[in-house]
Each structure stands twice: as C-alpha cells, then as structure tokens.
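Following are the structures in question.
The following pair of complexes shares a single chain, chain A, combined with chain B in the former and chain C in the latter.
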Partner chain A sequence: MFDFCADPKTLEGLSWLMCYLTTGKHMMFYSSFFVVLALMLIVAPVALAFGFGGAIAARSPIAPLRWLGKTYTSMVRGIPDIVFFLFVPVAMDQGLEYLRYLYKCPHDGTPVWANNEFSVCAAAKLPLSTSPQIWHEVYGFALAVIAFAIVFGAFAANVLYGAMNAVPRAQLETAEAYGMSPAQVRRRVLIPQMWTYALPGLSNLWMILIKATPLLFLLGVEDIVYWARELGATKSQIYDYPHPDWRFWYVLALLVFYLGMTKLSELALDRLSARLSKGQATMAGEAQRKAAA
Partner chain B sequence: MSDSCTQIIADYAFRSLGYGERLLPRSDFTLCHEFTLIGSGLIWNVYFGTLALLFGFFFATGLALAKAAPSAALRRPAELFIFVFRGSPLFIQFFLAYELLVMLPKAGIDVFGITIETAWTTRAWAGALFVLFLNTSAYSAEIFYGALQSVPKGDIEAADAYGLTGWTKFRRVLWPTMLRLAWPSYTNEAIFLFHATTLVFFSGFPAFQQRGDALYYAKFFADKTFNPFIPYPITAFYFILVTLALIGLFGIVNRRLNRHLPGHHRPKLRIRPQIIR
Partner chain C sequence: MKKLILTAAAFALTAGTAFANDVVRMGTEGAYPPYNFLNDAGEVDGFERELGDILCEKAGLTCEWVTNDWDSIIPNLLSGNYDTIIAGMSITDERMETIDFTQNYYPPAASAYAALSSDVDLMGGVVAAQVGTIQADYVAQSGATLLEFATLDDTIAAVKNGEADAVFADKDAIAPFVTEGGDVVWAGDDVPLGGGIGIGVRKSDTELKEKFNAVISEMKADGSLNEMILKWFGDEAATF
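What follows is the complex of A and B.
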C-alpha cells in the first residue's frame, strides 16, 4: 500500500500498524464487510417476497395451499434456524446436481448415493470443476442466500399473516360491499393497510437478520468472521507481521461493527415508524396528533 | 434388529456426557444410531436452555428493575448491558467470550494464596452456559422492562392505598402483574433460547472428546454419510418436541398467573411471535 512498507521487519510503532492494517489480507477482510452487507440487502427483499407468498397461502381458501402456508409459517417456531442453514445449502446442492445428473451423465448403473458418498459424473458438478474460483464462491453465496431467504421468509410470513389479520374487518367488508372481488380487496385495501401493523415485526426481523449474518461463516463463505479468525491467529516469525494471538481484538472489532449496525438501524426504523403512523388510528398516531396540537 | 438397537441405545444414549462407547460409529450408520446419538446430544441443549433460563430469570428481573429505576447510577449500566447483548449476534458473543477465557492464565489465578483454576471456564458446559445466561438475561430484561412499564396505573394506586410499600408492594402487586403481562413474550424468548443453544458447538467452544449437542451429531452424520435428509429432520423432530414441551410448561404457569380471573376471561397462551428475540 505505502512505499515505506517494503520491509515490514524494520518498521515500528504507528508506521508498523499502518502497514499492518493495509496488507492484502486486511483488504480482503475489509471487502468481506461488503459481502455481509450484500447478503442483508439481497435477503431482505427475497425473504419479504417469500413471506408474502407464505402469508397469502396461509389465508387461502384452498385447503392444501393453506396447509402448506401454515406449515411454512410455523416451521421456524419449532426448529432452530441453524438446522435450516446447515440443511438447505447441502440439500439444494445435491438436488441440483442430481437433476443435472439425470440428463448430463451416462447412465451406466453407478448409483448416485453409495458407500456414504454422493457422487455424480464430472459434467454434472456444480459449478464445474474447470470453472474459475469466483464461480465457486458465487455459487456458495447464492446457496447461503437461499437458505437465509427460506428461514427469514418464514419469519416474515408469520409477521405479515398477523398484520393481515390485524387490519380491521370492517374495512374489508366495506370494500366487499362496494363490489370488489377478493383479489381487489387484497390489493387495494388489505395490503396498503397492513404495513403499519407489520412494521414492528418487520423491523425486529431486520435486526435478527443483521445478527444472523455471522452464520455465513458456518456455510463456508469467507465472511468477516472467517477473516477475523484467520488474521487474528498467532503469526510466527516467518510471517511479515508476526504477532501473538489477536483473535480477541478482531472479534471485538466485529462486535463493535454489529452494535453500530443495530444502533443505526434502530434509529432509521424509529423514524420510519413515526412516518408510517402519521394519521393512523393507532396509539402512536394518536400520540403524534396530541403532541402537534 | 430391535435387539441390536437396544445395544446401540445402551452404548450411545449418554455418549454426549462421556458415558458408554468412546468411539463414534464409523460405518453402517443406521436410523437407530442417528436417533440415539442426536437424542443424546439433545441432553446438552436441554442443559444449556434450562439452566440459562433459570438463572437468567432472576438476573433479568433485577436488570428490568434497574432499567426502570429513577437513579442514573442503576439505570445506565443496565441499559448498556441490555444494549450490548441485544445488539450483537450471539455467535460473536460466544467467540468473544471464548477468546477472553482462553486469555486467562493457564496456571490459574492466585487470590490470597488460593489458586483458582481457570481451565474449566473455557469448556462449553461453563463458558457457553455463562454467555447464554447473560444473553437471555438481556433479552428477558427488555421484555420484563416493557411489561413493568405497562403495569396499569390503577394497580399501583390501589397498592399505595393499601399502604403497601417497597418489597411488599413489589412482591404482591408489581411483580405478579409484570409476569402476567410479559408471559407470552417470555415463552417466545424461552423457545428461541433453546434454539440458540444449537450454536454452542459451532462457535468458539470446541466439543471436548466429541461430546456435542444434537446439531453437532447431526452434522457429524451429514458429513459422514453425505446425506443431509436423515439427520437434520431427526434434529428438527427432537426440537419440535422440545418446543411443544416448553409451550405446555409455560402454559401451565400462564394459567397459574391468571388464576384470579374468571374462566372465560383467562387469556390463553397464544404464541404468534410478532417479535422474535
């Protein structure tokens, strides 16, 4: 990074620290923060879409669809999310490779699952072993996104289902009395009205999403936890920048990062909630009206 | 087959605690193996969950009172504690606690000539339990604090009118009402705390001699057999049982808390989490 970093062993004090904190590996550590932010920003809308589907399905008049929706919304209440995080990527990976196996591999009778192995021919591997490293990382990240979206979609479905039920019944009946079809009632009245009821749950969900991101580490993605452990581990004299075990300090930095993230989100969500409750016939809206008067 | 299954249960039912067969099975994994070992690991989840919840309950009550206290000397530390533990991921807290405990001198700390051993603190049964205890205390304290703020004004005025003060007022009026109001959310917290116990052996804390929790063994089987479709659903099954048991137990307490109300007014414990941890 800097010219004077050419010979790290001669450095001392502040210049040592500056050179140390700008090594190539540290740059990768810093860029992994963007991986975490990217995960949150991608997962949030996808999970919301999943949640929407789940909530609508749980309210469906068609029984099998309703059961599916109810199962989806209630599964995260009984089963720890980490089980999904470990299960979904492996299951998805095997499922996709199996589908590719069906039409890409010669069928010579070799079973796919045998001797405690899951193996398909090289042509069916995902991503192909010849493809560049970046695709392996993108694929791993995409599987992680799907796992997160499924879990948080189920949480969101719970929140949205509750919010839809909280919309006063009379409003929906009025819409029906005007001759709107069920789809019109949903689109024109139910969904616009439900946000103010859904917001507390959704903001809470955003906080949980922030706090779930270190689990990326368990999925083998090179995220901030991975780099913090990697960089903090004891470095002997053969390294350019030898140091004792500094993992504690690196993890402490992560803790501060997360505290900052949650604090910032809290402030932003408070403003949003104040904005949304403006003019609403809720306690918060009423309090605003009285404060203004 | 059933005979060999009883043998497997005898060998592995307490494997997670270090009793029975030392070596984990290497091949020929049967359903019986998976059910037994994952069930054995569940002992740890129940251990962590129950004790953290039990100790956390009392600490959380104290924290909630401190946060509601008018004196800043009490309020500020409680607010900071709750913010730090609620605002950061449990996963990071486990890591940090482990790294901190590892930094303690290996030989033990000398206090007035008595050497206090430190090695045991880095073991999951103590270290991870401590982190879970602090974590659930912070979450429960926030729930209790919210409930304490919602105690009806009339109740407090009635207590004052009866001449109740201090401890008596707290024990007979504030505390029961607070619990009553907080109970549905607290049930939720308990469920998610039990779920959080699966993180212990995936964070800093190593599974000593492969004595892990339910998810640790599930991952062991998934890695060995390359088949995630059996061990994870078994884990899910066990956790659904734990969740149902928790809802049942907390429901009994809920009935007791609301026993003064006539039957048709008694609120049923409805777990529809709008707010999850």
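What follows is the complex of A and C.
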C-alpha cells in the first residue's frame, strides 16, 4: 500500500500499524463488510416477497394454496434456523447438479451417489471447475441468500398474516359495500393499511437478520467473522507481521460494527413508523393527530 | 432416431472430455503454518502451496487453490467442491476408508506435546487437539481428557488461558509457538504418528492420483522434494 511498507520486519510503532492494517488480507477483511451488507440488503426484499406470498397464500380461499402457505410458515418456524442454513445450501447444490447431470452427462451407468461420494461429470458441476474462483464464491453467496430468504420469509409471512388480520374488519366491509371485488379490497384497502401493524414485527425481523449474518461463516462464505478469526489468530515469524493472539480486538471491532448497524436501523425504522402511522386509526396515528392540532 | 441418439452421445462425450481435466481445484485449510497458511496478501502460502504448484506444473495440470475449514474438508472433497486435499493430512487407515491418498510427500512426522511447564500430567490431564486429527485420536486413547478445537490456533490459546494443561499436535506446526520465546514449552517425548502426509483424492479419481504419484516419485528421486522440505521445516526435518 505505502512505499515504506516494503520491509515490514524493520518497522515499528505507528508505521508498523499503518502497514499492518493495509495488508492485502486486511483489505479482504474490509471488503467482507460489504459482503455482509449486501447479504442484508438482498435478503430483506426477497424475504419480504416470500413472506408476502406466504401470507396471501395462507389467507387464500383456495384450500391447497392455503395449506401451502400455512405449511411453509409452520414448517420453517418449527425447525431451528441453523438446521435450515446447513440443509438448504447442500440440498440445493446437489439438487441443481443432479438436474444438470440428467441432461449434460453421458449416462454410462456411473452412480451419482456412491460410497459417500456425490459425483457428477465435470460438465454438470455448478459452477464449473474451470470457472474462476470468484464464481464459486458468488454461487456460495447466492445459496446463502436463498437459505436466509426462505427462513426469514417464513417469519415475515407470519408477521404479515397477523398484520392483515389486524386491519379492522369494518374498513374491509366498507370497501366491499362500495362494490369492490376481493382483489380490489386487498389492493386498495387491506395492503396499504396493514403496514402499520406489520412494522413492529418486521423491524424485529430486520434486527434478527442483522444479527444472524455471522451464520454466513457456517456456510463457508468468507465473511467478517471468518476474517476476524483468521487475522486475530497468533501469527508466528513466518508471517510478515507477527503478533500474539489478537482475536479479542478483532471481535471487539465486529461488536462495534453490529451495534452501529442496529442503532442506525433503529433510527431509520422509527422514522418509517412515524411516517406509516400518519392518518391511521391506531394509537400512534391518533397521537400524531392530536399533537398537530 | 438412432442417429440422433448417437450424435447426442457423441456431443455429450466431447463435452465431457473438454472439461475433464482442465482445472484441478486444490483444497487446503490455510491455517496450519508452515504447511499451509494465508500470507499477508491473503493468498495460500507455505510448503504445500509451493509443492502443489510444482506438482501441477510437472503433471501439466492447471491448479486453483481453495480454502475450506478443517472439520468439513473431507465431506466437501466427497461432494466435489474441490478435487484434492493438500492440507498436512496424514495417511491413516481410517481416512483410507472414505478417500484415497497419493504416496506421501512428507515422511511420517513426530507429534509433540507443548504446555506452560514441562512437568504437566500428559496422561491424566486435559489435553487439547485439533478436531479430526490423528493427534486427537491419540489423546483420546492415551487416557488424558481430550479437548477438541476447530483450529490449531484455538488449541494453543486453550493452553495459554489455562483451559487445557497441554496441546498435542504436529511438531512442526506448534514449533513456532514454542521456539519464539513465548510461555509455552515442550513437554514429554515426541510421538511418531501416521504414515506420512499425502494428497487426498476421491476414490473415483484414480487418474488424478496416478498423475500426482508419478510426479511425487520423480521429485523424490531427483532430491528436489527433500530440498523443499529443508527449506520450509529447517535443517533437522525428516527427509526421504
């Protein structure tokens, strides 16, 4: 990074620290923060979409659709997250490779699952062995996003289902009395009004999502926890920058990062909640009306 | 119809061979210096990196390095995330049941105990070892209480903070912690364990195994492997 970093063993004090904190490995550590942020920002809308679909399905008058919605929420809610995080990526990976195997591989009788091995021909590998490492990482990240979205989608479905039920029945009846179709009632009255009831639950979920991101580490994605552990570990003389066990400091940095993230989210969610309560027949909406008057 | 099937088969076969041996993904742990570690630029470095690159070059393979946690390194080889394990893994009968090894590229090495004082009770105390290693098996059978950790570094930390009385690991791997004037010292005698270190491959990958076997033999014969061992492990290291 800096010219004077060429010979790290001769450095001392502040210049040592400056060089140390700008090594290639530290740059990877810093960029892994963006990986975590990207995960949160991608998972949130996808999970919300899953949840929305689940909640609408659970309220559907069509029985099979209703069962599907209810099964989804109860199944995922009843299984520990961590089991899902370990199961979904492996199952999806092998499932996708098996599908590719069906039309890309020569079927010469070699079994796919045999003595503990899962082996498909090289052409069916996902991503291909020949593709650069970055694609392997993107693929691993995508599987993680899907696992997170399924789990948090189920929680969101439950929150939204509850919020839809919380919208006063009288509001919907009025809309029906105006002659709106069920779809129109849903779109014009139910959905705009439910957000204020859903927000407390959804903001809780967002906080849980932030705090669940270190699970990425379990999925083999090189996230901030991975790098903090790797960088903090005792470094012997074989490294350019030897140091004792510094994991404490690295984990402390993560702690500050997560606290900062949750604090920022709290501020943003408070504003959003004030915005959504405007003109609503809820206590918060009523308080706003009185304060203005 | 028959023609169609034949063309399809021919296409599938050519597609298969085109991809067959282009890139070999080398799986390693990246936390076991001097065998393998991530250097300050964040790249895999160490004895096995240097050796692996030369083996691949001699065998005419293109290799790519991947890191994976130690405790899932065999399952992820089996599910095809990478094609070899080159991570200081000793050849044992137990591992041979699930995967295959090339011939050893590092001779059977000594394992050693390290502790805060040299007179701790190694057979009755609490001994830390990395999970899934031959050293962990040895401790479990020695009568001591085994305390397992995910990485080598965690085992050393456990000794330093008093959680374990001693750590038992590959001697070359813990040597830096002892020789650099820390508070950890050698304890007890060295124990020879395992059948040397080889490259782990899937049982179905016999072709890859033979390629590596051939170049390892070549490097053993011309002495270049010994040179590399002395370079990374010091003048007292065991050679072929």
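The definition used in the following text is that the second predicted complex is superposed on the first by the 290 of 293 C-alpha atoms of A that agree within 3 Å, B and C clash if a C-alpha of one lies under 4 Å from a C-alpha of the other, contacts with A are read in each partner's own complex, and residues count from 1 in each chain.
Here is the rule we use: a residue touches a chain if its C-beta (ideal position, glycine included) is under 8 Å from a C-beta of that chain, and two chains touch if they have at least 3 such contacts.
For clarity, every value in this text was computed on a predicted model and none was experimentally measured.
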Partner chain in contact with A:Gly220 - chain B first, chain C second, else both or neither: second
Chain B versus chain C as contact partner of A:Leu259, first or second or both or neither: first
Partner chain(s) touched by A:Pro192 [first = chain B, second = chain C, both, neither]: neither
Touched partner set for A:Glu117, first chain B, second chain C, both or neither: both
Chain B versus chain C as contact partner of A:Val90, first or second or both or neither: both
Contacts of A:Val159 with chain B and chain C, given as first, second, both or neither: first
Touched partner set for A:Pro45, first chain B, second chain C, both or neither: neither
Chain B versus chain C as contact partner of A:Asp81, first or second or both or neither: first
Residues of chain A that lie at the interface with chain B and also at the interface with chain C: 90, 94, 116-118, 229, 245, 247
Touch list for chain C against partner chain A, complex: 9, 12-13, 15-16, 18-20, 22-25, 30-31, 33-34, 37-43, 46, 64, 66, 68-69, 72, 76, 78-80, 83, 98, 151, 153, 156-157, 160, 176-177, 180, 182, 202-204
Partner chain A, residues of chain B touching it in the complex: 27, 29, 83-84, 86-93, 95-96, 99-100, 102-103, 191, 194-196, 198-199, 202, 215, 218-219, 222, 224-229, 232, 235-236, 239-240, 243-244, 271-277
For the chain A and chain C complex, residues of the former touching the latter: 8, 23-25, 27-28, 90, 93-94, 97, 104-106, 114-123, 125, 128-130, 133, 136, 220, 229-230, 233-234, 236-242, 244-245, 247
Complex interface listing, chain A residues touching chain B: 77-83, 86-87, 90-91, 94, 113, 116-118, 155, 158-159, 162, 200-201, 204-205, 208, 210-215, 217-218, 225, 229, 245, 247-248, 251-252, 254-255, 258-259, 262-263
